[in-house]
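Chain lettering (A, B, C and D) follows the sequence in which the chains are written, and residue indices restart at 1 in each chain.
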């Protein structure tokens, strides 16, 4: 029985992670931290899930723990010390932030407008997408869990890139996300009255911070328009690609049919059949649909649950690889 | 053309009031205040409604204004001075808070646990429910706009009280409200992820601050359970009453059929037909349905749009009375 | 490994049951029927869950199957022959309809207005509420899975009845249900435009067919008002009880604290803390909150997921008892 | 006072039209038909709106009526005779179907796969988009009210086409619509459980029947991907355009700033500010936002209420033009 710790247990990804781990037969939870709820029991915040006592970050000791999950808000100042301390104590780390996702520190500096805060840790990190980096994740002590949006672009585009079907390295990704992606911190943007029974685009074009990940993993130039859906969980991305003139329906279908046959969590629908959010909500699966539009153009649609395969389920999948368990343990 | 001012224009009731006034043929807006958005145009906060410039409270002068609406959060410390200043300047006032709704200062002190902050203003105030106090509102300089929940209890219960049908002065009111009732201020309770696709009861029993109004206007003892619906606007209240043994279906139906025939905004459905939220959303109407359950018991259901008849529409209706316009102007 | 069959696999309870069984380590699915989708694969209707082939009722043979679930719409004419054939073939049956829930054929005839269609089968049936009838369920060959609403009245009221705290045998149950309770058959009532962003009461008083179950299991006289919530899954019931004058907060709290300590799926919150739908959605748990209102009166709130503990999870729990598995297998 | 008739009053567009007309000072309703509800009062179907008696199509006589609205489902077989009879009786017609929107019968035949059913009526018809065809609508006896999706493509694209800014005649339109666009007829696709808390794409590419209108009015080649939002009303379209290399932010902003200054219902936001559904719901306004992405590429976002400006409000605007009223009467 492995022992794991969780930093940031009361956010939406933290709660989802606790639910998944409570069903996992190979791990027990050594500690769970929460800033404002420290000292309470998890059941005070969310009944049933578990009766775990929440502790302050300062109270916990990662020594003797096999792996820690850091589910902290972006730009938490104490992330680097927490990761460092865990690694020093011999614990592996799955980090939920986007601190360790951009492999090249120069790209990081260029896109974020400041140098990387811990380049020596960055050098250790592996981008936590098992379908592309399974073996490296197995060997890694520090895994950067992927962003939620990038999954829905990288996995549908990778087969097209690999097979050389694209006529154009610029691709349009129109994504629609449930509100849980914005987390549990208060903001007018996620206030019920501003989000419910409405719909909006935000940070469109070349602005969103997830863009770098998508481009790093696909090698493409991406025009990205995220939107906020009035649902709690799930992302659907509609992708517009230009194909080489010789690519016909059969070629496209064949490339997708073969792409993920060995993957337990990635599924491709028959040509012309498109996936819906509800097909994957509360699961660790990602579904891909594709349709030829006319010669030279196709539309690809991907759906994922941003809190599971897009965050906490992905994290458990990475943990399974890092700790030597069967990859699907606790996730089917 | 009358001139009106609005204190607190960017909350949900403020925006709704501006929309209603923009259609009202007899008024023009003299000023609109907003705390954090002072200096901006309303169209910066909410496109289309109006291009009005938002000002700070300190900047505005109620002199020369016929009436002001005070749509400020409960317990705003500067409410009393604002109301006083407006009255001194000769402007009438429709106040949205619950400061002036309890007529008796002793009851106020007992239920709120502190003396009334301005008993001399309270002495001027009339409870702003036109269907019960029309003539007094016409004469009043200070009207306390009703709470949203109370409407859905007072108006359905008043005919039963008046006709002497009740066997028991204790009545159960189970209410369900859209989230806009909680306002535009940020709180975890109104965060999308805590409110959407869920449902909850809160402040049940004898706790909610609207209880006093309901009891003042009906003379009954009320057990009140409010709930939070995952919709933006609307309140539906299900009311359980014990009737005298001799009351039969026909008596009940007759009392309700006659109760509101002269009222333009209150409608009673035929016995056994129950109203739904969508019937009244975005209108100033209140709908009542009633059903005998068994001898001695009936269930009454009332629906209203909390932002219109439950707040800003009611306020315009009160203004129409206070300024001598036809009562339905701008509201049909 | 036990073999189970499912009649009616493509309704909302059927799909939920398939999801639960796919995680259950002790069973395999022998067959799944669907009327209109016979011949298709389940993945054509709902990707991912399973690739099971759907068959017509006429094609399947319950011989060699340990247990069948009948998840058919109310009043399906072939329910009785299906149940009879399964029992004759040696398979146990968990039935989702309300055909076998009323133990006394005379009560059935009186409340349904017609004689029971199969009194000899009714005589075999046990009401499938493990928390009240665990031992009888273990011995039974035919279990009538409970209705979804009744759970939220019976389980909160049972401790009060047992402890003799009620002053009055009449109890008011105001219930609010997600739309999935109305099933997957088309009707204007469950059309998106008539259900979304609205709220309504229906069949209030003494009309709803679930009333008989509630009264049979509690011995009380119940005034029942169901409402339709604009959410997919979950029921919250607000219950108004009159207590004997000597019952104080401590007594009430003590009765509830002891009521369900041994039950894995029933949880009581501390006095004054009320459960919300989201606490139980997608789980087999039922949560109870309680609050004294004034001497002689209390409000009790219960929440459950109507598709899990209110239907398919309950069915698996019953199956676990009937086939001798640990009761919580596949449900935590 | 003009007299108008409505064919198909109980669908979502019919109800919306009745609400709008009830506020319109220049018209009275001569008749309203409904197939299944003929003989009932409108208040039986939807309380409050009006107490109008609903009649069967066969009962009504368009003689003496100034204008009729035909709000009938697509492919209603009796549409052509109804329109013909109204015109013969001297009534003008605003038709909500897509029967008369494609001006060229050869295009109609090619895209619909069958000849136009009434080419002599088609020759009379004008495409009912006042912002492009105001004068022709004023003179017309038969106006084809626009589709809801096309509005959100045509109006944002027209200024770019007119100013010659586009580098490429192919444009991608990714649209998201509320469910009311699919009407009030029952289908699994609009069943609450299949539409709520989910999201999906459908008919993507070159399939949707609204595509022809968009292309007719813009002269462009459009890749169109409609999606179904879990909201009741509103459409947001995200449009991806390739601009000539010399077009910079200032040029784009200037073209949009000038495009609709004289239009009462079309509004352009400042560069970089994007509109949201809630800004236009329940109004006859259409809002446009635009953002340069990088040299040669921009994203344009448009929002509209599909039931108002996208259907019944547009119809009233067309009626105002056809009957010689001020264009905004009853719509602000």
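Just so it is clear, a residue touches a chain if its C-beta (ideal position, glycine included) is under 8 Å from a C-beta of that chain, and two chains touch if they have at least 3 such contacts.
Just so we're on the same page, UniProt names per chain: A, B, C, D = N-acetyl-gamma-glutamyl-phosphate reductase.
For clarity, every value in this text was computed on a predicted model and none was experimentally measured.
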Could you tell me which pair, A-B or A-D, is linked by more C-beta pairs in contact? A-D
Using each chain's Cα centroid, which is most distant from the centroid of subunit B? A
Centre to centre, by mean C-alpha position, how many angstrom separate subunit A and subunit B? 46
What is the distance, in whole Å, between the centres of subunit A and subunit C, each centre taken as the mean of its C-alpha atoms? 36
Report the inter-centroid distance (CA atoms only) between subunit A and subunit D in whole Å. 39
Where subunit A touches two or more other chains at once, by residue number: 197, 230-232, 275
Note: in the complex, subunit C contacts subunit D through residues 12, 179-180, 184, 186-188, 190-193, 195-197, 230-232
Footprint of subunit C on subunit A - complex, ascending: 22-23, 46-48, 197, 267, 269, 275, 279-280, 282-283, 285, 287, 332
Residues of subunit B that touch subunit C when the two form their complex: 172, 174, 176, 194, 197-202, 204-206, 223, 225, 227, 229-232, 234, 236, 238, 240, 274-278, 281, 291-294, 297, 299, 301
